[in-house]
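Here is the structure we will look at, set down as structure tokens.
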């Protein structure tokens, strides 16, 4: 039995271990290589499928710049809507956890009603129903209200998306806040912090770590849902693609193209998301 | 200092404590009452808003039975699609965690591609692109393929929804599996179970608990997204509401009505979901 | 550095007739009294579930007692006071009370220094310089000056608990409450935390500790109190409790843990 | 019931030249040997991070050693064997080895009985009746017959650990590995688990235990081994190690925990 | 099998599958019993009768119909489709079975817009990718129709998914979002008649700027459609000559919209 005396520990790595380590390294490399090959094959398959479909690539290339020009609207609407959604989500989450019955009821109804109805219907409500409410109010004597409530397409779209995603994200934020261990609240309270200070200084910064990944996912989903504003005639990505597709009766080409553009945007955003998550992980066990 | 001798502990509850307990109980009751009042006020507001909008209620009531008849399709499509999605999600999650590079690449691409493109585009692809691929294959000599790949509206819708939600749920299932503590795997492995047995007998049954709530949410979301099959001419809820609305130029009435129907369905499903979750919690600390 | 210089006199903590009833009539504390004098070190022992943690948490109102009153350094709260008055007074008591938990509960998103200055900055509205100066003194005192900029996750359990003690001390509390501060630690790390607690007691801090570290109870405590089923069973000097326990229940309990 | 009747002779576990290198050249085990004879009880002591758990986990191949070989009851695996052969042999070794963890790791979705029969049913393909009969014997042996149908979350830590031991024994293992089985337990609950381990040793089970329960090490172990930095520092009978340690490092370590 | 003609296939399965977009009254809509009804529906039933087969309707999205490549899901579109040059890339058109006047409309309360020329610089709502939009863009090419464009330019063309949307938007108020809309006369007449619930507050403006012929459409990508198209043209001619179409037009539109062939 190889008891070693107190002193220099055996530092050498035996040849056998070296072989095993090289084996492990080799297996990792091979795995990574095979993974790459598999991806390449899959992309090739995808391209082949497109060729088999006899897609009119020159047509697609011709309209690409025109369609891409719509991505500005897509981005504008998405960014403003997600900002609105984040604000609503935080307020909503506080409401859902509040012991004030009014605040709680409002938040709960908001989440239930919005999550229970299709976004499409909500878009119409912001666009069509709001002016009618304005009209009704005007008849009750409030002059000029209707003009205020008759939202142009882009603001209506931002409101619709923001309010809708805000309801979904309310639950995400609430789950994030509730995932922070009770011990953190207790430690902060024991220092004499008020509930507000505890939330702001201790709980929320930690919950943010948990919340960021699902919120990025929501943002990615929203980029795609923002195509709903095209219903109101905003010339964003989908609108342009659908319009060109209809005009030239090559909808399939345009749909595939716009799908690819969305996909690229999503991959890009996922990359950004990963960077943010890495950055947020700095308080974690060192790597 | 009130040291008590070894013996019968003081069982009596002092009068003061009684008062405090009654206070707490009173506060809880008051809270519950206020919450109910708040909800009642909110629902009243909602109804008032509808009246202010001068909605044509008799028109809505007249068409209610006809539109409700579409909920059968909505349900059929949603139930079959969520079943497909669950199967795909489990396979996909295993793929995402697999050390087989091909399986892993396929699962990863599936998730990325599907999550990166709008569902609308996917619906069109299943309906429009598949027959064209069939035609191309037929030209390559495979007779009868096109007829097979020319899916009727309902199967195409089920496939589109199922494949799309399967991709989203893949990540849910993966997160659920990975949320099970490593100690569980180790305990199972230490008993001599193979990886497959460990997954099937120990990890998956526990992950199910974590997975059920988000999957129910997906199901609720899918109920609403199932309206996309109306594009292919399936006479489900939305199709009926939209067509009647357009026919009589009363879209708002019909949209609000269909939104309320969806909302009721969602509330119903959430209720069912809560029952299931309670049932699943039986292995938990006793209540 | 001397954390707290005081002559031993007059009670700092005075709990009277504390009852705690959880939810559906789970009667956990059954009318306890507790007086702790200035500079005194009291160790509370008792079986799991006897209510030790609940009592500590009632003292700084992390848990509101169902009946009785708590007085800490002149601030008195009755269990049946109106909710908003109780809330305000509870904040006051908590500022005068430091508490260390079994699981440390450091703020993981802040460095060691930030953890320590968080209380003084947010609660006492001290400026950064003032807070950091005292934090540095405290870090020196617990021997962790070199960990000043690290995040808690990079520290061992023992180091984390020492930071947690420094964080409490930064508020200049009148009493320190310890709830099993060493039971989450590896055996070799227990020593460093107990050593800090001993120095704290020696510096004259008033301490109420729930701990299974018998060495601390025996050598440092002025008084040991045994709890069972939400009642005091016996109290006395460590010599008396460990060598000549009177009550049968005390003997049974000590047999288990010695 | 006697769990394992055997004469003490011949090694059951034979580990030779075990190295373990984690990830980026983190050399945790540095060429360890270990022979454990039939019916022998070996206790491994060492500071946190010295590699005790890693060694135990290498013995039943929960962690594959980077170099060396492990032989358990006639099944031999070399570190550099082809992956699929190693995988198959590892399953064989795990079936001959029981392991108890610090955090019990009972399956929370199964009742106590289901936990115990899970291994025999799934791995050994026993029928339900056979498995339940033996499970009932084991439950009787660990004194938990009345908890047969409960879920683990309703049991105390000590009861959970006893069920975990029964679960391992249900596989009729040749060796039992214990990795700090009592360090997650409240002090009053440690006794009941140690008592079961003692009876196991008395019944002739081969045991390798990492534990800080000095009472067990002193009174039950046949041999105590001290590990530091992935090397053995010293080994011997409990009397020798606790009363006359030779090595400076052993003395330093014992000073910390005694 | 592969070389059998479309007509043979239809006769063999004894069913004619017709696609129609049930978005437009009185061409094709859901009646008070929730069944399909309208001019197009009646025409389709008549066509099937004359072919001696049963008729089956399918109601996909308009985009799915105009995209072509139907993959044999349906045989024929009877949906008041204008044979524009681009559509001819994907579809085959029969002889026109009726024609439709295009029509402007404004809000009832409007007093400033009296003639078509007053529309210069105004915001006009149209359904996206319809002949109406192409006309206002001065880019409409219809077989055998000489289109005369208006001398003025609209201020803004607002696109909507379908006509119902801009009609509802104009009903909100004069000049609120739209000053005028432009669609087919039948659609406007139906909107005014059915009244958006409580009296649709819009009125027609001026004379129709053009009439567009409307035809049946076939999938160009489906092989061997020639005999079917010939047969359809025969049937259209018969229905035109024996007065069937005129009768249906008067039933559904209240006027005769059937051109002389």
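To keep things simple, chains are lettered A, B, C, D and E as they appear, and every chain counts its residues starting from 1.
In this section, a residue touches a chain if its C-beta (ideal position, glycine included) is under 8 Å from a C-beta of that chain, and two chains touch if they have at least 3 such contacts.
This one's a predicted model, so the numbers in the text were calculated from it and none came from an experiment.
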Intersection of contact partners for chain B and chain C: A, D
In the contact graph of chains, the distance from chain A to chain E in steps is 1
Based only on mean CA positions, could you tell me how far chain A sits from chain B in angstrom? 18
At what distance in angstrom does the C-alpha mean of chain D lie from that of chain A? 47
I'd like to verify one number: the distance from the centre of chain B to the centre of chain D, where each centre is the average of its C-alpha atoms, in whole angstrom. 44
Cα-centroid distance, chain C relative to chain E, in whole angstrom: 83
Shared interface positions of chain A, touching two or more other chains: 128, 132, 251-252
Of all residues in chain E, which are in touch with two or more distinct other chains? 67, 69, 168
For this entry, which pairs of chains touch? A-B, A-C, A-D, A-E, B-C, B-D, B-E, C-D
Which positions of chain A touch chain D when the two form their complex? 1-6, 9-11, 13-14, 16-17, 19-21, 23
Complex contact set, residues of chain B against chain E: 54, 56, 59, 66, 69, 124, 127-128, 131-132, 134-135, 143, 146-147, 150, 152-153, 231-233, 235, 239-240, 243-253
Applying the document's contact rule, which stretches of chain B touch chain D when the two form their complex? 181, 183-184, 186-194, 197, 201-202, 205-206, 209, 282-286
Under the definition above, what is the set of chain D residues touching chain A in their complex? 17, 19, 21, 27, 30-35, 66-68, 79-80, 229-235, 247-249
Within their complex, chain E touches chain B through residues 2, 19, 22-25, 29-30, 34, 58-61, 64, 67, 69, 71-73, 162, 164-165, 167-168, 171, 191, 194-198, 200
